[in-house]
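The letters A, B and C name the chains in turn, as written, and every chain counts its residues from 1.
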Amino acid sequence: MARRSIFNRMKTRNKIKQSQEQQEEFNTSITKNLDDNLKSIKKMLGDPTDLVTRELIIGGIEKRAAIIYISGITDEDLINNNILKVIQENLMQYETGILDKIHSEVVAVTDTDKSNNLDDVSLAILNGHTAFYLEGYEEVLLMGTTGGESRSIEEPESETLVRGPRDGFVESIFTNMALIRRDIRDPNLRFKKHEVGKRSKQMVVVCYIEGITNPDLVNEINRRLATMDIDFISDSSFIEQWIEDSIYSPFPQILDTERPDSVSASLIQGKVGIIVDGTPFALIAPMSLSDGLASPEDYTQRWMSASLLRILRFLAAFIAVFLPGLYVAFVSFHPGMIPSTLAYSIAASREGVPFPAAVEAILLAITFEILHEAGVRLPKVIGQTIGIVGGLVIGEAAVSAGIVSPIMVIVTALTAIAAFSIPTYSMSIALRTFRFIVIIASGALGLYGLILIYIMMNIHIVNLKSIGMPYSIPFGPLFLKDLKDVIIRAPFTKLTRRPKHLEPVDDVSKDTSIK
Amino acid sequence: MSPFKYADESIQSQDIMIAIPSVAIAVSILDLPGILAKSVRFADGWIAIIIAGILAVSLTWFVAKIVSKFPNQSFLSYSSSLLSKPVAYLLTLLFAIQGMMIAAYEVSSISIISKQYLFDTTPVEVIGLSFLLIVVYSVSGSRVGLFRLNAMFLPLIFLVTGLLIIFAIGFMKLDNVLPVFTTGINGYVKGTIDSALAYAGIGILFFYIPLVKDINKVPGRAAFGMSWVVLLYLLIYLVCIAVFGQATTEVIRLPLIELAKSIKIPGGFFERMESLFFVIWITSIFTTAMMTYDVAVMALQSILPKLKKHTIVFGLSPLIYFISTLPNNFLENVKFEEYLAYTTSILPVFVVIPLWIMYGIKGGKNRGQ
Amino acid sequence: MDNKMLPIMPLLIFFLVTLSGCWDEVQIEERAFLSAVAIDLAEDDGGKAILELTEQIIVPAGLGTITEPGGGKAYRNISRTGEGIFETNRDISRQENRKMDVEHLDLVIISKELAEQEDMLANVLDVFVRQEYMRRGIFIVVADNKAKTLLNVEPEHVKIPAEYITEIMENAESVATMKPIQIGDVQEKLLINRSFTVPLLTEVADNSIYYQGIAVIAEKPNKLVDTLTGADAKGRQFITGGAQDGSVTTEVEGEQATFEITGSSSDYKLLNRDKNALEFQVDISLTAAIREYFGTVDFYKEENLKIFEQAFEKEVKKLSEIAVRKMKDELQVDVLDFDKYLRIHHNKLWNEIKQDWDHGENYFSESKITINVKGTITQPGTSVRVNSRGD
């Protein structure tokens, strides 16, 4: 109860603050008043939590000054030794023209600049520069201190690309935030902090771009995060499963990714990212079924090949769910649909197999799932043996022992490959689960059972929501214009509008008037 | 609760545009060419389809227009304001019964046709029951979900039928279509009535249009949606005649399935496509059953506002199942269809005319804003 | 139970219902695939005709796979006699341990003897049209002798006789043959009461079948009235514009020359409206290539090419007129598509005369048919001549 009241208070406070922010206009030029200046810059950047403001009083002249930078993307050693320290040591002697002297004589940083414009200042800060404000001056000193510590950033293991950025998220939330900031240098990029975990008190950051993302969406996610009541979250999946809309569904309703570029691209589209301290997996919400079949690779390849790949993935998803069921229906119910020659050779190859096709399909599918699970759990070095064992067990021994027919092995293998080609792992698992239901239904009622299950899946999907957004979007409700970045990937010159189904505040993603 | 405007229970005019063909296209897509070929000669049925189509499209427009004047009101409330309360209750009850009947008819046709084309020994009761259960599952979900389902299945129907037509091009014989204009007036009249019966489903508009947000666009879009059906029927009819000839089409019970049976798909990956095509057409029959079931539920809900939606949905299902098992064979099923086709075409006409008249008399006074 | 779980109820029942029985599940290896049916007349005891039904059932194990060719026969033929096809089929299934499956049936062979019985053809074909599991693409063939002997012909390279026969029909390259006719086409002809033709096959050796010609099925009396071979069949194909493949041999200035037909079409014209003496004009236009020539005339010269064309046209006209004589005067059965022409282009006239077109009054036999042929030689071959004999 106590926690809830704190959250409630936080919520109301945030609300008040937000409404104030929306009402107040901040000054875009630098004034002589230090407090005003600091307020303006904070307002412009939305007072992010990683913004460091160090106020100091310069001894000799008793003047107030401030150093502002964003931690995580700056080299703090450099700031401490070459800026803070030297200023404090040397500033006793000067009285007039102090800012010029600091600029030209004191600071031991190579890249320095002066500005009297808040836009330049904020951009510089977002780039990792440090701003030095001095009371009584209408200029700000900008010093290049880009840097910052982070665990070595590696290529994400769960989502590899042939072409595209190679960096992946790490466990440190500040590094992760910095990775996103490096992609989007927009002053409207917002990081909203939450504290989750009753005992662990982990930091969870909701990031979005103000002016693009639908504010209702952000509020809803913030509201749901505030309801989190759990001791410890070891991964973002805890949050995913806490805030998702339906717990009675095998489908993932919030997308997880290890790639900063995926998050950035989604933010630009008007979605919301959730970064959790201590895990390299960020969340993207809302998601639709088709998002689970999209890959960042789609945007790095030429649009025609990317479009073909997308269609191929839709086909693969279909195969992963329905192929064994189709095979069972054909073989046990509708042999007339198989071309005569193939039908005869299937009949010949099944001669002596003791089980009906449906049982055979389920047996093989379970064997495959076990092999897959074993392969994932084993250390990489031993993992390879699983491949050999599986290949021998399924491919050779089972067939020659007459337990399964060779064609069933082909069908299962094809299904497995298709399931692996789905870029989102959680989606792939969900589809593999449905495969069993499809096999059972086709084994009982043939193609008729299969189509009923297909209809049933569709009913489930249209009733599913992701943070209030229908899962079946943009197919139903139909958003015709959004389909050009779903079924195919239109050329970038044609993708000038953000997806309409996300109801972005500003839907033009490219300013065509500026060339 | 939901951050997105489209995520609540209200629907868009384009949803109505999609729902109209989803409801209209049902079993008639399979048997219309055969029925038409009985009364008109050679390919002349296209005239009957178009005349009936124009009638259906204009009826759709008139219904949509009058209903769109009463946004956010249930059928019961605006009809009782125009036609008096007892009449309104009676009409609502009639629509509820009609919705149930159509749903039951679809279930019964599915079981009889599937039994013939897909099964040998599986009991008809099981085929019908499994279909009805899926329909119940869909209706017990959210109402907007139904419209989303329409949006997902309708393209599939058009795509598959379009593919069938493309594959059939190689099997068409121009000789079968010629000569033109050899039918007598009687034939055209009979054909027009026959094909008019295939444009069912206008009745749903009385119930769904008040839920629409951009209600001003509805009449045009609903009529536009109906015109897709005209186009589809026209194409199917011409293709069937061109492939089989009138004489054969006349004696084939479900020409579209026979058409799927005759074509060969290049590459020979599948033989005998009719089962595959048929199961995909099941989705179109499914959407009809689902929407009419839902209309019945809506109508009953407005009469009995105290009952929960789920209670009505689950309460109706045994009744619908029972009705669906009444026609035992194909002939009884066809009789059922004829009876239903007449009532579904006539009821909207008999409701929309008094509505317009009373609206004209009462004018803007009772405008339900 | 909360509201969200409620919709799952129907699904649970769904699975209970479907799992309670798999009524129609018959595994593919438990089916006996029927690939061809041969129907003979067993005996004719005056009243009811007794049929002999022979069914060819595939033995999949005999077919083997690509890597392991199967041993032994890939089919077995079973014969029974009975009064109706369906009944006899069920009788045959008593000899078969597997469930009969007609979905891959693609050939029906009817003996000439049976087809010559009135209305018999329509009766036996009925079962194939009516049953929804049958394809509409089943080929219909008439066998010159016993139908069931054709199903025993086993060539060296094809394991299933039925497959061999269908391939013969699909790949025939002779003017005296016709496009294969399917059961759907036959149904249409029977429904609109028209005469039609069916391929005629005969067995020439233990391992070979010969595409002999065309069988003519008259509308009334509904039976096989005659078979066309040689000139009759060729002429018919020219008139109907169906001579797509095949060749014509004639003499050009005393030397034999063979032309291969590369394209053929025909155009019908009705010259008057007097139904008792209709006058038709048929314009046949053909394109051909010279394939064989024993003479020495240089056909690269235009005036010489004309000679070839004229000789070709004359030969085609001769063949066509033989066919017209045969159909119109001798058989008095219209399988030359004049009925189709009238139906499409002179529908009113057709409605008046269709009841008595090629039977009864038989307007067809009273009509007059003139034939014009236009031949074009497109490819004279690659060389002028092979020898210079006579120079």
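Note that a residue touches a chain if its C-beta (ideal position, glycine included) is under 8 Å from a C-beta of that chain, and two chains touch if they have at least 3 such contacts.
The chain lineup, named per UniProt: A = Membrane protein YndD; B = Germination protein GerLB; C = Germination protein GerLC.
These figures come from a predicted structure and were not determined experimentally.
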Query = Going by C-alpha centres, which chain is most central here?
reply = B
Remark   = A count of C-beta pairs in contact puts on top the pair A-B
Query = Among the chains, which has its CA centre at the largest distance from chain A (Membrane protein YndD)'s?
reply = C
Inquiry  = Please tell me the distance, in whole Å, between the geometric centres of chain A (Membrane protein YndD) and chain C (Germination protein GerLC) computed from their C-alpha atoms.
reply    = 65
Request  = Please report how many Å separate the Cα centroid of chain A (Membrane protein YndD) from that of chain B (Germination protein GerLB), as a whole number.
outcome  = 43
Chain centre separation in whole Å, for chain C (Germination protein GerLC) relative to chain B (Germination protein GerLB) (CA means) = 42
Key: Per-residue multi-chain contacts in chain B (Germination protein GerLB), two or more chains   = 118-119, 122, 130, 134, 137, 141, 272
Multi-partner residues of chain C (Germination protein GerLC) (at least 2 other chains) = 7-8, 11, 14, 18, 21, 24, 103, 135
Message = For chain A (Membrane protein YndD), give me the residues that contact two or more of the other chains.
response = 333-334, 336, 338, 340, 445-446, 449, 452, 456, 463
For the chain A (Membrane protein YndD) and chain C (Germination protein GerLC) complex, residues of the former touching the latter = 246, 248, 331-336, 338, 340, 343-351, 353, 356-358, 440-441, 443-446, 449, 452, 456, 463
Request  = Mind listing the chain B (Germination protein GerLB) positions that touch chain A (Membrane protein YndD) in their complex?
outcome  = 1-7, 12, 14-15, 18, 114, 118-119, 122, 127, 130-131, 134, 137-138, 141-142, 144-145, 147-153, 268-273, 275-276, 279-280, 282-283, 286
Note = In the complex, chain B (Germination protein GerLB) touches chain C (Germination protein GerLC) at residues 116-123, 126, 129-130, 133-134, 136-137, 140-141, 175, 178-179, 182, 244-245, 247-248, 250-251, 258, 261-262, 264, 272, 310, 314, 317
Key: chain A (Membrane protein YndD) residues within the chain B (Germination protein GerLB) interface of the complex   = 214, 216-217, 219-220, 333-334, 336-340, 445-452, 454-456, 458-459, 462-463, 465, 467-470, 472, 475-478, 501, 503
Remark   = Contacts from chain C (Germination protein GerLC) onto chain B (Germination protein GerLB) in the complex sit at residues 3, 6-11, 13-14, 17-18, 21, 23-24, 103, 132, 135-137, 184, 187-188, 191-192, 340, 343-345, 347
